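Heads up, there are several structures right after this.
Next come two complexes, and both contain chain A; in the first it sits with chain B, in the second with chain C.
This part shows the complex of A and B:
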């Protein structure tokens, strides 16, 4: 399945099958969550990143079902197809953005998502305490969402942000690496 | 023309201030107030003393922009005000480079002005010459509206708390840019 086809599917579902909510509602709600976490963990941003990732993981595990039901797409033939599906269909129907898939490694196991537009981060300016700029990944929930949803379809990945415009970088880039395809395993106790 | 701009929170805490000069008519954007450098607090005195008048004026019409509300004649300082619905107040003090000729008599004391009579006016645009003219009111209105827009965006940042000092460099840059554009 080509990138273009994935884009078309995403566009089609976004137009016809998705309930929309006000973007500022999403932005402000998410922003409040992150700000509250920063407060709860006394600005321990490593911990905040971890919590966001965990929240995303729990979201992803449920969201995948919704995604498959809405999109009706089948199994991806390879990891490249998975990447297009995430970027052009997944992000499109849930956030109405379509990040660019790029920077593939030669073994096709790692790629980057470049976000031109990040609805979670509108209006946001990181706290100027001298650490948030270097430690907090504001949109880290997205990494968790990808990890959780892919795990439910037997793809184990690792995802993390490598740059963020909020920190003053030129782009917002998430690095996604395939760890392994999870094979069905028998529970160990049962004979 | 020199400007001093302040934002006050609904509880009268100053949350932002900046001094800048005109960029129109060959101005270099640097504030040159008539007070000596050691007396820059005069700007704050004058601007805060206009708050009573702002409070009186705020119910006179439905608009957020109150135009020119107060004048402090000894320093030829003019104050324009803008209210946001949440109660924050934007106050702009503007001071022409020298007394407009027509007003010299009525403004009284010129002791703070240093040697007068010099004809090297930095700017001859109507904004600098007439702080109460309709063109000036309009320019200030544009300026205030632009800042209001940036202010709303800044206040929407999840890490900004109501009534907190605005430390965002982005906001400061936008205010400077708006000043350059309109004043």
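This part shows the complex of A and C:
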């Protein structure tokens, strides 16, 4: 499946099948959660990142069913297809953004998602305590969502942010690596 | 809303009664095609455990809870077997567009593929008797939806897709539903019943 086809599917579902809510409600809710976590963990940002990832993981495990039910897409033939599906369909229908897929490694097992637009981070300025800028990945929940949802379709991945405009970087970039295809649940042609 | 709070096994809905009444013997099969008679639904989790079972028509013979559990487990096993015995053809040595890297789930490593390469074996999809048809839909996450319908009905797929959507909405999105556990979501029951009733 080509990138263009994935884009069309994402666009179509976004237009016809998705209930919309006020974006600011999402932004403010998410911001509140992160701020509360920072408070609860006394600005231990490593721990906050971990909690956000965990929350995302739990969301992803549930969200994947909605994604599959709405999109009706089949299994991706390879990891490149999976990347397009995530960027052009997944992010499109749930956040109305379509990050760019780029920086593939030669073995096709790692890629980056570049976010030109990140609705979670609107209005946000990280605390200027001298550490948040270096330690907190504000949108870390997204990494967890990818990890959880892909695990449910037997793809084990690792995802983390490598840069964030909130920290003063030029881009917001998430790195996604394929760990393995989980064989137990696979149809038996894997043996 | 009060109507929707009726007992789950909604009985005596007028349009359902006609099926077995005498005048119905004259109805053409064409007319029956437009009536989607869904008898019951079973949902099996990816481990083969029964997580949901429900009838939609009155007067169906019921099994004991234990029998349903056995049925679910047995079907799970049979389904796995049917996938295993799916015949495969030797791969034609045509250039595949994507180089299969280790771990790619395209079944290229073995040199054999299903008639349609890239599409894994689905396993048992239909089981039909004179009186009913069992349709099995397995999601990519491994959950199986078993729908028992009248063998005359068409477009089971539409019904299946809708059920999957309702499941995604009212079961998976319910934050207090524990994954892989039995489904006890009143909203799911309600919307399922309402939607099926609206169709018949």
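The criterion applied here is as follows: the second predicted complex is superposed on the first by the 184 of 191 C-alpha atoms of A that agree within 3 Å, B and C clash if a C-alpha of one lies under 4 Å from a C-alpha of the other, contacts with A are read in each partner's own complex, and residues count from 1 in each chain.
Keep this in mind: a residue touches a chain if its C-beta (ideal position, glycine included) is under 8 Å from a C-beta of that chain, and two chains touch if they have at least 3 such contacts.
Here the structure is a predicted model, which means the values were calculated and not measured.
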Practice item. Quick one: classify A:153 as touching chain B (first), chain C (second), both or neither. Key: second
Practice item. Would you check which partner chain A:68 touches, where first means chain B only, second means chain C only, and both and neither mean what they say? Key: second
Check your understanding: Between chain B (first) and chain C (second), which, if any, makes contact with A:126: first, second, both or neither?
Key -> first
Exercise for review: Name the contact category of A:108: first (chain B only), second (chain C only), both, or neither.
Suggested key: second
Check your understanding: Which of the two partners, first being chain B and second being chain C, lies in contact with A:79: first, second, both, or neither?
Key -> second
**Study point:** Partner chain(s) touched by A:32 [first = chain B, second = chain C, both, neither]
**Key:** first
Check your understanding: Does chain A have more residues touched by chain B or by chain C?
Key -> C
Practice item. Touching chain B in one complex and chain C in the other: list those residues of chain A. Key: none
Exercise for review: Spell out the part of chain B that touches chain A in their complex, as residue ranges.
Suggested key: 153-154, 156-160, 167-168, 170
Exercise for review: Within their complex, state which residues of chain C touch chain A.
Suggested key: 46, 80, 83-84, 88, 98-101, 103-107, 110, 113-114, 118-123, 139-143, 161, 164-165, 167-169, 172-173, 179
Exercise for review: Note which residues of chain A are touching chain C in the complex, please.
Suggested key: 61-66, 68-70, 72, 74-75, 77-80, 107-109, 152-154, 178, 180-181, 185-191
Point to revise | chain A to chain B touching residues, read off their complex | key: 24, 27-28, 31-32, 34-35, 38, 122-128
